[in-house]
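Starting off with a structure, shown below.
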Amino acid sequence: MTDGTSALPGSGRLRRPGAARKARIDRLATVGGRSGAPGAPGTPAATDEDTADVGVSLLRDAWRRLRVTPVFWVGAVIIALFVLLAVVAPWIAPHDPGAQLLIGQTSRARNSIAPPQAGYPLGGDTFGRDLFSRLILGSRQTLLVGVFATLIGLAGGLVLGVLAGAFGGWADTVVMRIVDVMLSIPSLLLAISIAVLFTNPNLTSVIIAVSVVQIPVFARLLRGQMLAQRGSDHVLAARALGVRRAPIVFRHMLPNSLSPVIVQATLVVATSIIDAAALSFLGLGSQDTASPEWGQMLGEAQDRIDSHPGLAFWPAGCIIVVALGFTLLGESLREALDPKNRR
Amino acid sequence: MLRYTVRRLLQLVLVLVVLSLLLFLWLRSLPGGPVTAMLGDRSTPDKRAELTSVLGLDQPLMVQYGKFLGRVAHGNFGQSTGVAPGDSAIGVFADRFPATVELAIGALLFALVFGIPLGYLAARRRGGWLDNAGVVTSLLGVAVPVFFLAFLLKYIFAVKLGWLPPSGRQSPDIDATRVTGFFVLDGLLTREWDASWDAVKHLILPSIALGTIPFAVIFRITRSSVLDVQNEDFIRTAEAKGLTNRTIRSRHILRNALLPVVTVTGLQVGALLAGAVLTEKVFAFPGLGEALSIAFTKKDYPVLQVLILASATTFVLVNMLVDLSYAVIDPRIRTS
Amino acid sequence: MTLAACANSNRDQNSSSSSSSQTGGAATGATGATSSADTGAAPSSGGSTSSGGAATGSSGSATSSGGGGGETDGTFIFGAAGAPSMFDPLYATDGETFRITRQMTEGLVTFKPGTADVEPALAESWTTSKDGLTWDFKVRSGVTFSDGTPLDAKAVCFNLDRMYSQTGAGATQAQYWSDTMGGFKGDTKTPSVYKSCTAKGASDAVVTLTRFTSKFPAILGLPSFSIQSPTALAKYDANDVKAEGDSFVYPAYATDHPTGTGPFVLTKYDKDNNTVTLTRNENYWGEKAKSKTLIFKIIPDETARKQELQAGTIDGYDLPNPADWDDLKSAGFDVLVRPAFNILYLGFDQKNHPALRDLKVRQAIAYALNREQFVSSQLPEGAKVAEEFYPDTVDGYTPDVTKYPYDPDKAKQLLAEAGASNLTLNFWWPTEVSRPYMPDPKAVFTAFKADLEAVGIKVNESSKPWNGGYLDGVDARKPDLFLLGWTGDYNTPDNFIGTFFSDPTSRFSTENAPWGATLSKALAAADSEPDDAKRNAEYVALNKQLLGEYLPAVPISHSPPAIVVSSKVQGLVPSPLTDEKFAPVSKTS
């Protein structure tokens, strides 16, 4: 156990500067919500050894427990509906979300928008576009933001984490210094800093800004997992058998490190969607007028909240429900995958 | 412990130097710039060129960075160009730092005062209505965008009901004496009770908005760690030994469950700084977060540099303090 | 509502009497009461038209409580959108700074409340030579600066010389001087209009110019050219501006000790709480301010300003979002609409796209834009479609110009004639900004994009933050089409079309047009024509050419900005120049 992950706030904590914070991220993501207490005296041993030997049995085990968890089903159903909506959106949206069909009844200057009417169940927005269609198509962009931000964050974290965790030594030092610098800036601040770099804010810039923030988190998580794996029996055994480094990393260490990563990824989808909305609120969101995104819709409707609450409440409600869905799924996955629950 | 602290501080300096160079290069690669921001729609190519050369922005980046480091060595981080033009960037930080600290303390207080007891109670009566309500609230708290919640709170409690002031730190017509810059504290020190009370009223709504996420996290951590601890052997032993509930509660469960709570609270500081950008903007609360969002729109480079470096410093320092506080809570660390 | 009504009547007055640039004096007391014995008519320049010294009556009816009502020791709290740069108006360019310094300092002349017409202030009257090069200002007697220094001709000349002899960083910051007067002392490239100022006795300040300009003396009413205390200027090193790193360091005078003759003096700038507090100048020469304390509370967020007003924690704020006007009015607030003294235009940059150098293409675009619908649906009430590059209250406006009513068929036909049926243009619009002439850039763009596409022009959209690439890009002449505008500083044609088109290498790239240099020369010639009638005729001719033969941009609209106050507030007169004075403002409880 060379790393802080192993012995939570236990011995050796003060030996390695910064170990505590690193450990915390690992632990939070691994087990935090359900069992923040592996650090509790009694069980200084980490969960890593347990996860090291997971395999099909753990997954089956997890599924067995998930199946009977209502929280999981609520989350899963929300997400399934959301994804379904995003996929079929162009076919079920009654109107073009960019077309100013109701412009005749709209005046931004006089703050009048088209009321709900036949064919336009929610009325128009401040540009005379059909709010209902925009909400439906917004699911698409929102899903894109959530999923791509997570994937990019995951990919970046994977590269850094594997580099650091699998090789150790100077690679570890360099990578972790970079991660430290990134972690030393609060997440939203980092996202803002990246978002302002783009001269032409659009969906891509939002996704990049939101995803970069997640890279160090995933990196630290994976590194902790990999480090724990390095000392585990099956890796030692493989090494003793003369298996080369790459196969060990990719066949043994990585797959066994993934379950906390999956949990974290699920939660990050929700965070990304909310962060994207925050960027829009700060005026750094996508300026693309034709393709709607919920965060963008909410950000733009902020100052109309008292006169036309619907413009803000609909997208806000959608974001909350979807974020809740991913959070519920993530939390229930975390509980199910937590080896401590295998009792 | 001392060696550890010194080492952490040295590491901090290294991080700051790297960060300052990155920041410097990053700021200068941003589109637009202070010259544009100063000239606005009166700008002409001639004026732009003149201002650029007067400010030395046409020199090579490394020369500019060298000059910047030279000034920093003398404690001069430059003058604000957008947030509070004419004030030094350090001055802007000094003026606004107490505001954000007050807000962060308010938010943490809110989160801790409600999060820990509720989390404890929820765990003790697992599955009860309080538990369920708490879990749902905490999940919602994470899912609702901070700025939207802030806006709702402001709209309902300040604009519609008029119970609390909608924005700012203190009513301008209160002629308060400034001592430390912490308005609540100043009022107490100078016995200007009305000034203190007014400042507190201005803090309530932003603190709730900013404290929701920490509340949700602290609630969940407390709950789960109490759940874990009460299943531990030593609690069972204590119960078997016939210790009173009260003793078990205070001496064993809470104390042992607190450790992860402290950890998480420390980790929330970063989230607080970030959330402050949104909350302070909504409540026009003159703190660091608001300064930051103005600095971004007005391209106030010196202020951006100081604010980001300072927030990184705070973040790192707070984390160090959290690490050190383990030693206080968990005696086993002290000995090692 | 009385105030809003008054604003309208002012505008009517303004438009009917504005054809003379040197409108004579008027009663200065804002309430119309004869508070100052010195109120006098200023003789206008030789031979030019002059209107008599009629009392303005501008706010006599507006101040419902007359002169006596209102709480005289109250506090008036105004919500400002940003922090002031500092308090020396010479170095300022931003409205937030000027709004504060306007209450503390005064110039030789000022603008009649509610109009852009010049009237006497620290100069009781003035005479001018026939060639318009020598100006004799009679300095008001019995006026002292707030530090006790008496105002005399020497103090006036000290101030003008100080502005003229700015150097280094100070010169780059004194932008209104370089905009209006040209260069500074010793500048050979752009020689200054200003030559010298000599004090003849205590009360005569004689200013000589190197050439005539139509801007003079109106520009002396700009806040930047306020007269400040020579003692304080010297004592606190007022000229000691330094450039350092990315920013400027201002001297103690500008940050802490501004000293003028105005009705208020600076008490404190509380940076912790973001408030600027002014107190009544009890020794003010004119009618004393109605409020004892005037507080500017800095609230950068627009929605927060509105809500503070609704919650009653501030008494007013500037530039309410037009979308909020109706809500605010129905909630009982007074939305005071200023006369629209601005212009929004769609600029053509003739640098990159050769098709834009063809007049027919530019005209086609003008016909393609449905400006009427845009103005009626997207701009606040009171907004008008612009037919020329400045509002009709400015000299040289003529109804007799080529007009471009909405006509998509004609647009298509013109495009076909020009052989530009497959046109693709880069259309730039700014984000993160709201200007008085353009409250909602996105709405402008969205409307015009649709119009252009309707006549078969493809639009490459490019949105950039105002300070983060938009202004830079427009100045670097990257777009083909762009949205920009201007709010007038004072009432001369040169302040509008001179600013836009004088420089052939400006954002319009008129250097690529055969008439670019000609236009530039004609603008300079018109500005330096001392004879009012001749000058007017020149501007009329220029306007006809601009719209009919040149069309370097399409004028879009004049949009009235507003200022909103609670219903308890009386006496605020909205000004087209945003030159609102808070001294006559009072508040009933």
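Each chain gets a letter, A, B and C, in the order it is written, and its residues are counted from 1.
Everything below uses one rule, namely that contacts are C-beta pairs under 8 Å (C-beta built on N, C-alpha and C of every residue); 3 or more make two chains touch, one makes a residue touch a chain.
Keep in mind it's a predicted model, so treat the numbers as computed, not measured.
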| item | value |
| --- | --- |
| A-C against B-C, pair bridged by the larger set of C-beta contacts | B-C |
| Most central chain, judged by mean C-alpha position against the global CA mean | B |
| Approximate Å spacing (C-alpha centroids) for the pair chain A, chain B | 22 |
| Distance between the centres, which are taken as Cα means, of chain C and chain A, whole angstrom | 50 |
| Geometric centre distance via CA averages, chain C-chain B, whole Å | 41 |
| Chain A residues counted as touching two or more neighbouring chains | 196, 199, 283, 302, 306 |
| Where chain C touches two or more other chains, by residue | 432, 464-465, 468-469 |
| Shared interface positions of chain B, touching two or more other chains | 30-31, 155, 159, 281, 297 |
| Of chain B, residues touching chain A in the complex | 1, 4, 7-8, 11, 15, 18-19, 22, 26, 29-31, 139-140, 142-148, 151, 155, 159, 220-221, 224-225, 228-229, 232-234, 256-257, 259-261, 263-264, 266-267, 270-271, 273-275, 277-278, 281, 292-293, 296-297, 308, 311-312, 315-316, 319, 322-323, 326-327, 330, 332-333, 336 |
| Sites on chain A touched by chain C in the complex | 100, 103, 106-111, 126-127, 196, 199-201, 283, 287, 289, 302-304, 306-307 |
| Chain C - residues contacting chain B, complex | 75, 77, 82-86, 93-94, 168-169, 172, 175, 178-179, 243-250, 254-255, 270-275, 277, 293, 295, 297-301, 304-305, 307-308, 310-311, 313, 432, 435, 464-465, 467-472, 475-476, 484-486, 503, 505-506 |
| Residues on chain A engaged by chain B in the complex (per definition of touch) | 9-15, 17-18, 20-21, 24-25, 28, 32-37, 39-43, 177, 180-181, 184-189, 192-193, 196-197, 199, 270, 274, 277-278, 281-283, 295, 298, 302, 305-306, 312, 316, 319-321, 323-324, 327-328, 331 |
| Chain C-facing residues of chain B, complex | 30-34, 36-45, 47-48, 50-51, 54-57, 67-68, 71, 76, 78-81, 83-87, 91-92, 95, 98-99, 154-155, 158-159, 162, 165-173, 176, 178, 181, 183, 281-284, 286, 290, 294, 297-299, 301-302 |
